[in-house]
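This report concerns only the one structure given below.
Going in written order, the chains are labelled A, B and C, and every chain counts its residues from 1.
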């Protein structure tokens, strides 16, 4: 009984391993190159430009009206993106839409933000440095004390001694309590890096799902309840300090909505989320003096929406292409592999067992292998009735099951 | 009688086990000295920042040691058994054959577990000395697949040793083992297996009885 | 129950190589049984089947009435097993190994073990791996004697032993079985050592059983004859019911047979083989064994 069970267990494990590695090696051998287009919105001609690798040197990009441009020709179509280049060549336009172009304004208003889906699901040792946000010497420094939020306090720990800093702990805990914070915290979001001009500290979700803003100003706590409603189910807040000081960063909710958290009283500015799936898509945001473009990039499509500075939708574009599963190698693979198991997925930084690419087309191969097995049994004079479970494995798991039953034959344990 | 089996297994692996413990202790001393050196001579806040946000691991020396330990224990336990088919002597003992084999495996497993728990305890004390408890949790989650790999390779290597059919069968078992063990090492940074370690734990536990199939084949005399 | 061991219709192949087909034999309780044959004729194969380490292609062995593939712990406790080459746990020393086995066998009696060890002049701390083949054979024998089983299965006890140790081995076994209801199954390729010790013998050849008899019968009835070659009629000589084996050395022809000289002469003449100076040549047991099994 134990033997029978262990054989079945081993068969399942071989199926698991085969369904990880066979597709893996198949794709190592068969993966084609896929040319994903990049999309930018041209504030000059008010059209989307699609940049796509092409053998034709004269066509560097295509506008949404079908007109094509060479590399040189396209530079001036994106003056904000290419302002350094254009300024160096003195070909920066003086004005666009009657707005005077001042290089400093262009620089200040430009931003690029890319959020990969796994960044929404990252591991974290929940111990954080709290920077002095306005350092006297103008340079952000990693503090000597790191904090954590426990069930009743904001606990500062000296990294040299690994002992609590009583003074900081006390004043910050007091300040949080005064602001109405309910311990413990459910999540802490920040951008702890010294490679930025100033620090906006942390956005912390308290036990009642309210969002608090915590930072350190001249050694004193700054703790504010933001007023972000507590019925918004927040997946991630990505803080990105920007000298424009328009928003602290953006927030992605569990129902795949995207917001900027504005400096203006922590108001939320919702962004278009047409076609967004946060477990699948990269979020790519391009901002400039006149427009904000938000793109959601999946493995086989990109949806770009451009809004003006008042966040009114100006234009939207969806481009699709074939990913590897839609091209010939992918179609072939769908006839071979009934499913693929992966331990890594783009939706998460964590290792897990992901069952992907379930294909019912593989049933033909299953039936073929089943017939093959039956013929093999007849030739070897093996009993079909005693081996019924093996036949089921072949039928259900196709090539994976076939390999498993060849490796662990029932005769071994009789 | 099972005490006697334990006695026999102990005679085979005691020096190997001692060697493994010494290797683990050396790694522990090295790690502890490195940490204390950093705290004494430089800015530990920068170091903490690296550990938390760049995900560098101060205990990465531990990564392959449990794997090595599993292979070594399995070798010292089962190589004498298969050389000159000595396993026949064990199977001739007046006990149920499955329980003889499972007891041998249980003894090796217990030894490995004891060594692993000992070293985890040492690291726990050290981590709590240098860091807040959050670091300990991360250490346990991050090293769990490594220690699990050590136990798993012990079970797999033992069934590979006992498997009587050289080349074809053993080669396949070796390939399966490498494939499965690599899954446990498919990690970057820390806490990778936080959401899935229990699944891998379950799969590995099931692999612990794979030696029964090899033994059944050994007994049947598949050559 | 009359038999300690019953083997019925054993057939075994390694891959496509036939070891034997439909071999059957029984071993009476209290008797000593010798399985003889040259190396590679299937002696160890039979032992492996008997101990359940090998599943024969067909046929079955019973030990004390139990299927040898599924021996119960009680039966295994009652069977002593000497592995080919006197293999034992050579990572143990002689006192550790005694301590180890003692815990498994209810009838354990360590007196014969230590008696043998005292003859070897080794220290209790001496490891088996540092002992000579002959010394290790005494350890293995001592352990079996201490176990005090009703059936002993001894696989090629003589392997690697010089004559003194071989004699010692048999002496101890003789002493052990004397007046007790003990059964021994012994394999060997040296028949003369077993003279006066074993009761029944089976002699194996490649692919089949050559003889199933007793040593005395074999010794008394198996004969060698010689005659001189005169013409080419000897080419008609072949192995059959009368001529068990034959050899041609220069112009001498040797015939091995279970028949007496007259029968052989008549038989040869009936086949029109010219026979000159036919005479019986006396043989030792070893000669007879080689004569039966052939030199190759």
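Convention: a residue touches a chain if its C-beta (ideal position, glycine included) is under 8 Å from a C-beta of that chain, and two chains touch if they have at least 3 such contacts.
Just so you know, these numbers come straight off a predicted model, no measurement behind them.
In terms of which chains touch, the assembly is arranged as an unbranched chain of neighbours. Chain centres here are means of the Cα atoms, and by that rule the chain farthest away from chain C is A. Comparing chain pairs A-B and B-C by the number of C-beta pairs in contact, the larger count belongs to A-B.
In this view the innermost chain, defined by its CA centroid being closest to the centroid of all protein CA atoms, is B. Centre-to-centre separation of chain A and chain C, using mean CA positions: 75 Å.
Centroids of chain A and chain B (each the mean of its C-alpha atoms) stand 35 Å apart. Chain B and chain C have Cα centroids separated by 46 Å. The multi-chain contact residues of chain B, meaning those touching 2 or more other chains, are 220.
Across the assembly, chain C contributes no residue in contact with two or more other chains.
Shared interface positions of chain A, defined as residues touching 2 or more other chains, are absent.
Here chain A touches chain B in the complex through residues 2-3, 5-7, 9-10, 12-14, 16-17, 20-21, 123-129, 142-146, 148, 157, 159-160, 162, 192-193, 343-344, 348-353, 407-408, 412-414, going by the rule given at the top. The residues of chain C lying in touch with chain B in their complex are 14, 48, 51-55, 73-74, 76-77, 79, 81, 83, 85, 87-92, 96, 99-101, 103-105.
Only residues 1, 3-4, 7-8, 11-12, 80, 84-86, 88-89, 91-96, 218-221, 223 of chain B touch chain C when the two sit together in their complex.
Looking at the complex, you find that chain B touches chain A at residues 39, 43-49, 51-53, 55, 98, 129-132, 134-135, 137-138, 172, 176, 179-180, 183, 186-187, 189-196, 199, 203, 206-207, 209-210, 212-213, 216-217, 220, 222.
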